[in-house]
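Both of the next two complexes hold chain A, though its partner changes from chain B to chain C.
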Partner chain A sequence: MAALDAEFKIRRGLSYWWDGYTRMVRWEFIDIRGIAVFAIVIQLVIGALFVLGVGLFFDDIPLRSAQYLTTGSFVVCLITVAMVAAPQIIAAQKMSQQYEYRWSLPVPRSAATLAWFTVALAIGLPGALVALVVGAIRYGVTYDVSAMIVPAVFAGLLTAGLIGYAMAHTLKPMVAQLTATALLFVVLGFAPINFPPENLPGWLATLNLWLPFYPMAVVVRSALLPGEAGNVAQSYLVLGAWAIGCGAAVIWAIGRRK
Partner chain B sequence: MAATGVTLRTASTRSGPGYWVAGYVSMLRFDWARMRQWLVMFLAIQLLMGAGMSVMYGFFLPVIPDVVALYITTGVPTLALIPVGFVIVPQTIAQQRLEGSYEFLWSLPVPKIIVAASTFTLLTVLALPGVVIALLVGVWRYGVTLDVQPSIVPALVLTALMAASVGYAMGHAISNPQLTNMVTNLVVFFVLLFSPIAFPPSRFPQWLQTVNAWLPFEHMAAVVRASLAPHLVPGGVASDYLIVTAWTVGGWLVATWVVRRRR
Partner chain C sequence: MATAPKHDPSLGSGKGWVFRATDVTKIYGEDVVANDGISLSVEPGEVFGLLGPNGAGKSTLVKQIIGLLAPDSGSITLGSHDLVADPGVARQLCSYLPQAQMPIDSFRSREAIELTGLIRGGDRPEVRRRAGELIEALDIQEWERSTGQQLSGGVKRLVGFAMVACIPGRVVILDEPTNDVDPLRRRLLWDQIRVLGDSGVAVFLVTHNVLEAEKSVDRLAIIDRGKLIAQGTPSSLKADDRARMRLQVMLVPGSDTPELPAFVQDHARVSHNLLTVVGEADASHAIRWAQGLMDAGIAEEYALGATSLEDVYIRLTGDQSEEPLAASGGA
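The block that comes next holds the complex of A and B.
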């Protein structure tokens, strides 16, 4: 009994959580090892080419459009892995029956979840940074990075990750995959991330204030561009609400017994 | 001797135009039955990439001059055609390889050329309603007036046929389904951002203009645009028709070569 008690004792607390987290980060990286480099390269190329390609829509791109395009691409690169790739990866895990196995691993589920977000950040960040660099070189956009970039990226990524996770864990695999693709379309073209909100019809701009995508761009942009305030406080609140809502759905979905 | 009679009759009907027509009709029915379940998704993708993209392009621009709106609207039909030929056709073939029905199709007792012809016919016809709806959405969104020419019919049929033919060749020539998937995604990315379909080619750097001059997308757009707003294509589109035709024939040649190879 003594041995059992001892074992029982170490299976909690911060160090146990941290240990599970680092192990799961390694696990996730090894799991995608085969495509990790490829995925990062694709993100780099898309980050750079999107910023360059959209510029071709214009005869002469105005500075405001260029600022929105480059910082918007930063946001898109950052969140697509967590929000769009995750539902697809998890759908594949469900179809290949790995899904149940993963939850049987002896690590806290919160540690496993955050480990995946860490990996998503590592894959998305290089492409996001390249978008900023390309924007600076091609369009002469200058940045004024404030310390708020850390909470902004954290809030954006966490909300995006929880949205992706909520979709992945509550929806059927096929539905999750289709929803994720449709979401990418909305993010790229119907949310004022890569272009200023005044380009949208009024009702769509208003709707976007309450959807999570535009607020992600607002908080990140306010930490990257000088004099770009927007409704930062409101945006954090909207993100928080979405994060809590999706978080609750995730907790319900991954915590329930079947 | 009745049995022999039957054998002889079957053997003698398996050639000649009658056999071909019968095979063609059967294959059309066969393909239609397989594709029917995808019709809604088919239309959704066309609307997303045609009408959806045309609306999206407009959001990126703070001000949309009339000529740009006309360019975008007349590019919509081409944008709605491309996913059918260059994405759905090769991915359907990749799907057949994954599920093992690819070999089965070639075992059907019809000439291989008929199997291909039936696919071309069906996809060309099925692509057209989506194109028209996407175009109407574009016209409604930008309020432009089109000057529709009778040449719209051959223009749409030829471009749809070309897209289906090249997609067909791609699907058969690339034997790894995952690679097919990647190539089709690349094509979409390239078409949406780096092909002068919704924009005049003069926006592009010289080298990219040269690349596009050899690819089919710009010429598809020119052919269609000439029959919707002729004044946007003052130089005429004879050479564009020629290049689109060349890509069509090229698609057929590659497909024929791949399909005739025995393994």
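The block that comes next holds the complex of A and C.
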């Protein structure tokens, strides 16, 4: 096999993966170059306005609500990019036949997928951070950022990204676009991200323990707010299960040839 | 100007490997047979044409080569590599210009060519050199720094070709490469396709433009309704038509097909264009008949010439290249 690979100059291994990854990151950046600044500004505006706008629901927002709102908005911003915008963009690529060309390039599929996430994260993260900053300035929320923020953001993004990616790759393009839009309303209205689970009917609060949205908020919040515990271990397990399930669906979908 | 990928001893020798599809069958759903037992081979240095009408199964075959689709049965190999079993290797060994335009709206032309070259494993100086050569050879310097969305369809097609040819695979698959390209640059493009072949690459060219293919391919196969119906060099495929000639009569638009004399061996009507095949010995009768049609006001003009590959193609598929019009009767 090695002799055969050498004869045909077949590339394998880590350096092949890394070259593919860095070049596809460049490809993805160039691909959105025209709208990148606009997309980042929109994310910044969404992050800031969401925190300020929901605050208007209250005459005088209690500290706990403000804490939920700002940390929840951080999570919502990341979910918006990974679970809503990403599948919509992939659906658009599929409909314009760009998708096939990308998959015909000699790059490991995991490298191409990760390159796509890298670019999505670079667009989404500034807006998420602004939500925290605006919350601190407007409502006086203070944060106690622990090192757990790194695994929390990673786990949240990975799971949200894999769910979005699985949707984009297993559903028909139009269905994926509509589902992604619908998901945004579910996340905002019926998942206890921006408000405590006690505000929901008991059955819906219980259901949310097993859906991925509330656990994303739990792990992020526990790493940002002093004395905010929640069931962190269980949340990581639930996120892990969703990530594995959706990861398997993604591997099946992008490895499959009809 | 002749440009070529840097000579690669393992590539340019033209020996030691063959691209081979054996008995490839692809069925969509329950019973739509897109490819029905297709077998063909392409050698290094060869420009191989795959011709067929729309929906014949050409693109389906190509997508199986590049690993975007999997055959239901049969094998696709390059040398000892099984491309069906290892689509990752297939993507390294084959470069692909799809029928749809390249997704490069945000890319500058040169940037798209160079980045694709790097993704295909080229080193930076080599990629730069090749991109420059191709841009010059295809006469698209004017648009070197334009983004994809500023390009006309034809120039975008040429940039797509340069992306594929910058650091080519062992097999270069071109699906309708000349679509939208102006006649002058078409010639430059065909030159570069020939140069690719001469550098030791196996060029697999999908087209329904029979006239262009006849001049440019070494060998070709004709596919219709999923089946391979003929294969060989352009002249071997025309062998059966050697003693025959083509009489083309342009009828007055709206007129009925005139009664055909006994010496007309075959005919097809496409719009007001009546194509007939006659024996060489009947050439003078044919001219007299066509002249008579003009005198009677049924025909506007006529042309008598040697049969071309297109006549073979029409005879075999009942279709007219580049004109998706129904042929009435004939062939």
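By our rule, the second predicted complex is superposed on the first by the 248 of 258 C-alpha atoms of A that agree within 3 Å, B and C clash if a C-alpha of one lies under 4 Å from a C-alpha of the other, contacts with A are read in each partner's own complex, and residues count from 1 in each chain.
Please note the rule applied: contacts are C-beta pairs under 8 Å (C-beta built on N, C-alpha and C of every residue); 3 or more make two chains touch, one makes a residue touch a chain.
Note that this is a predicted model, so its numbers are computed, not measured.
When the shared chain is aligned, chain C comes close enough to touch A:M24, but chain B does not.
In the superposition on chain A, A:F50 makes contact with chain B only, not with chain C. Of the two partner chains placed by superposition, A:G13 touches none, neither chain B nor chain C.
Shared-chain residue A:F58: touches chain B; no touch with chain C. In the superposition on chain A, contact of A:P151 is made with neither chain B nor chain C.
Looking at the shared chain after the overlay, A:Q93 reaches chain C, while chain B stays out of its contact range.
Counting residues of chain A touched by each partner, chain B versus chain C, the larger count belongs to C. When the two complexes are overlaid on their common chain A, residue A:I32 makes contact with chain C while staying clear of chain B. No residue of chain A is contacted both by chain B in one complex and by chain C in the other. Chain A contributes residues 4, 7-11, 19-20, 23-24, 26-27, 30-34, 93, 96-98, 100-108, 257-258 to its touches with chain C in the complex. Chain contact summary for the complex, chain A toward chain B: residues 46, 49-50, 53-54, 56-59, 62, 64-65, 185, 188-190, 192, 194-196, 198-200. Contact residues on chain C toward chain A in their complex (touch as defined above): 10, 17, 63, 66-70, 78-81, 87-89, 91-93, 96, 98, 100, 102-103, 105-107, 111, 115-116, 118-121, 169-170.
By the touch criterion stated above, chain B contacts chain A in their complex at residues 48, 52-53, 55-62, 189, 192-194, 199, 203-204.
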